[in-house]
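Each chain gets a letter, A, B, C, D, E and F, in the order it is written, and its residues are counted from 1.
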Amino acid sequence: MLYSFINSLDKLLKFKSAAAHCDIPCKIYDPSTAQIAALSVIRFIDIINELEQPLSVANTAQLARLVREKEIHASKVKEEVRVIWGDYFKQPQFDQFPDTHALVHSIMLTASKCKQHIDREHAEQLLALVNQFADSFWQTKGIATYQAKSPYPPSEHVVYPDLKSA
Amino acid sequence: MLYSFINSLDKLLKFKSAAAHCDIPCKIYDPSTAQIAALSVIRFIDIINELEQPLSVANTAQLARLVREKEIHASKVKEEVRVIWGDYFKQPQFDQFPDTHALVHSIMLTASKCKQHIDREHAEQLLALVNQFADSFWQTKGIATYQAKSPYPPSEHVVYPDLKSA
Amino acid sequence: MLYSFINSLDKLLKFKSAAAHCDIPCKIYDPSTAQIAALSVIRFIDIINELEQPLSVANTAQLARLVREKEIHASKVKEEVRVIWGDYFKQPQFDQFPDTHALVHSIMLTASKCKQHIDREHAEQLLALVNQFADSFWQTKGIATYQAKSPYPPSEHVVYPDLKSA
Amino acid sequence: MLYSFINSLDKLLKFKSAAAHCDIPCKIYDPSTAQIAALSVIRFIDIINELEQPLSVANTAQLARLVREKEIHASKVKEEVRVIWGDYFKQPQFDQFPDTHALVHSIMLTASKCKQHIDREHAEQLLALVNQFADSFWQTKGIATYQAKSPYPPSEHVVYPDLKSA
Amino acid sequence: MLYSFINSLDKLLKFKSAAAHCDIPCKIYDPSTAQIAALSVIRFIDIINELEQPLSVANTAQLARLVREKEIHASKVKEEVRVIWGDYFKQPQFDQFPDTHALVHSIMLTASKCKQHIDREHAEQLLALVNQFADSFWQTKGIATYQAKSPYPPSEHVVYPDLKSA
Amino acid sequence: MLYSFINSLDKLLKFKSAAAHCDIPCKIYDPSTAQIAALSVIRFIDIINELEQPLSVANTAQLARLVREKEIHASKVKEEVRVIWGDYFKQPQFDQFPDTHALVHSIMLTASKCKQHIDREHAEQLLALVNQFADSFWQTKGIATYQAKSPYPPSEHVVYPDLKSA
């Protein structure tokens, strides 16, 4: 098929990047919500793996709850990252972090794996990728970051903005 | 009417507080989501008040969007605070902060005011109350807090956990 | 940390209770939705406990459905009660029922137990507490109540407003 | 087009009605939720019509909130009625109330009108139709009904099941 | 009970059908969303039935996910069909397809069966009924249809509008 | 800050692309839902621009409804495209369409513009981009496409898969 009704994607994209900084209202973006959701995914997987086997009816019910929460929080990671990437990141940010498209896409795939499996490894990767994304985000805003253990289980390292020194 | 089928509310409540620490799975609670939502309410009100008057059709449409987001984020404040209060706070936390019930109820009323009005004052009060709640929360976990301006508009003071020194 | 940016919670709360009766639109509150949700939680637990064991794949699937509905309805209890408590109850209602904060908090904890477990006892307690809340609510409005069995399973006693005699 | 892959709709429908009473779990149906939503639609329209004109920015914001709530509650009427009709009503109930399909369809159309307009008349019709539906429902269960004014605004007549005499 | 406050349902219904064509905004209706959801229900059932038995914890978790998706998509079928039936179908369409009420009701019951069971047969019936509904819909708009296999699993026959020849 | 806890994003990404084809269940992807949502955005903007001015209260209410629907459908475009891009597109598809990341990001930005404005131009661009995405998608599956006018307003050109010839 001859696909003719868009003459040029480039033309459209050019329009977009030129218009970037003036027509979007300044919004509040904060990757912490995605990071908390990624921590939650690890946590739910930990609790799943602690369930006594063979599964009793009560524990099968508990598993169904944990799976549902895991689904919801893995989707939340996708959604929150998509919003920051799709609304905030524009040409200047991509110039600073050219791999952002690939990083975001990788977060989507890894979050899907976390939905499909109950292995901790995928969830740890998800958190690592989301931390990477958070680190990039804060750098584009000129805000230094530091790592610390989350003050609640699963006590994994999280990238935080260093607001105290700011 | 003689309300007889609950012999004693006290009996029920006693059961509850005795059972508190063992039958709830350790969960991830973080008031930052409520704080971001409260900041967002201030921000939407600021943008509403910057709309040029008299309202054009385009600006009436924009107002409808901003009101919708304000509704959603004020409800999110209520929801997030309700979860931490209703799931995490139990007798030991209430012993430490006996006014928590009143504080949480006040957050509910103030969030309602933020939905009903477009005055910045209510939204500033909401953030102050949610910060107060966050401060209590971190104290019950033995984590020091500090204040800093949010690294995005509306650049208001927010209570953060001091994880760097932890 | 010296928490200084709210000089006084009391000041805020005072403002709130003074402003209570004029700035809230008259709304429609009805605890029946919470009561139906609490009945549903009992019902789902009954059906869960009737599943033939060991669980076949079909029954494991059915269990997952029932757990999901139980989650949704227990959350609905929390949400509906939170709305009436957080929007409608103010100083005059608290004067009439000083234990309301504790009752509402107890509903939150008990609804959480209903999510975590498949024991009928927690769900019966939840209904009892929600009935207690409904009874208080109708009394604050000067409407008498009566008890009757719900006209559908699980046929438990429910507090209804006596509108016929009104 | 010759539509051949369903040989006979009748065959499918026959299967359906034969299978009706054994394979559906006994559920909790209660039209009160739809009735409360219909009352709410009337109420929101009343408040809309009380807004001072010409609309200030604050009142335009309030109107946007009221419209949103009206949308949500009119959709809730549709959803709640669809569930009872689509899950509970089967051949025996249709034998008793042969006009139920038409009544339910009429509720859908009238709820749409309530979304599209701000006239009280449509909302009153919606409540009347939902009351009619509730009355049929309770009759199919052999439960008498009575009318009373709702114990909150808009104080319209509502059909309630007579559980006291049951 | 003498149900008196609606003098006549006919009167209401008459009003409705007379008003049908002018007060509804022209909207976008497309049964394809319901058809995709029905295909998805078949697909989830296929994947459920491919799970290795006895179910491991990982597969019990996967089953919970599949059941949740099946619930969501079966509900989506109900919702999408209800919207087209309840918003678009009016007297002229019912004249053309007098069995539409029964067809739509049958879709509701069959979608419920798909939620309650994991048998492919119910899901195939659901797709057949939704295709029947789609076929009627396109005919009321004067658009021919054709059947083709869906270009993705479960590769079942779907009724499509013939837009190429239009 | 030295960001050390991810040694190498490349390592993670490599793992990902290697694992791509075996651990994702075959799913049902169909861009038609995004295309219908994009058409709806154009339609809502058309109806908004037909509202009589100056806006009466009834029309201000109608505008609030239209804006809400526009928000919901523009978000739906984002969500549906994100799912196909984030779940289905992997290395082989990116090899075939190397600009997909940029195209998807452009859809996000354009959908945001459609939310912020009431100009038809943005919505037409959105549809063009979503059509471009749909065309790529069908090509990756080896299915030819054709253009036809949507069989409902706004009667814009849409890319459809050519299933008849398949």
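Just so it is clear, a contact is a pair of C-beta atoms (placed from the backbone, for glycine too) under 8 Å apart; a residue touches a chain by one contact, two chains touch by 3 or more.
A quick map from chain label to UniProt name: A, B, C, D, E, F = Superoxide dismutase, Ni.
Just so it is clear, the structure is predicted and the values come from calculations on it, not from any experiment.
The fewest steps needed to get from subunit A to subunit D, moving only between touching chains, is 2. Looking at subunit A and subunit E, the chains in contact with each of them are C, F.
The interface with the greater number of C-beta contacts, when B-C is set against A-B, is B-C.
Over half of the residue numbers at the subunit D-subunit E interface are used by both copies of the sequence. Separating the CA-averaged centres of subunit B and subunit F is a span of 34 Å.
Centroids built from CA atoms put subunit F at 40 Å from subunit C.
Among the residues of subunit E, those in touch with two or more other chains are 25, 60, 64, 68, 116-117, 146, 162. If touching chains are joined by edges, the resulting network of the protein chains shown has some other shape, matching none of path, cycle, star or complete graph. Each chain pair that touches appears in this list: A-B, A-C, A-E, A-F, B-C, B-D, B-F, C-D, C-E, D-E, D-F, E-F. The part of subunit F that touches subunit D in the complex is made up of residues 57-58, 60-62, 64-65, 68. Residues 25-30, 32-33, 36, 39-40, 43, 47, 138, 141, 143, 146, 148-153, 160-164, 166 of subunit E are the ones that touch subunit F when the two sit in their complex. Listed in rising order, the residues of subunit E touching subunit C in the complex are 48, 51, 53, 55, 60, 63-64, 66-68, 71, 115-118. Of all residues in subunit D, those touching subunit E in their complex are 1, 3, 5-6, 9, 12-13, 15-16, 19-20, 23-25, 78-79, 82, 85-87, 89-90, 99, 101-103, 105-106, 108-113, 116-117, 125, 128-129, 131-132, 135, 144-147, 157, 159.
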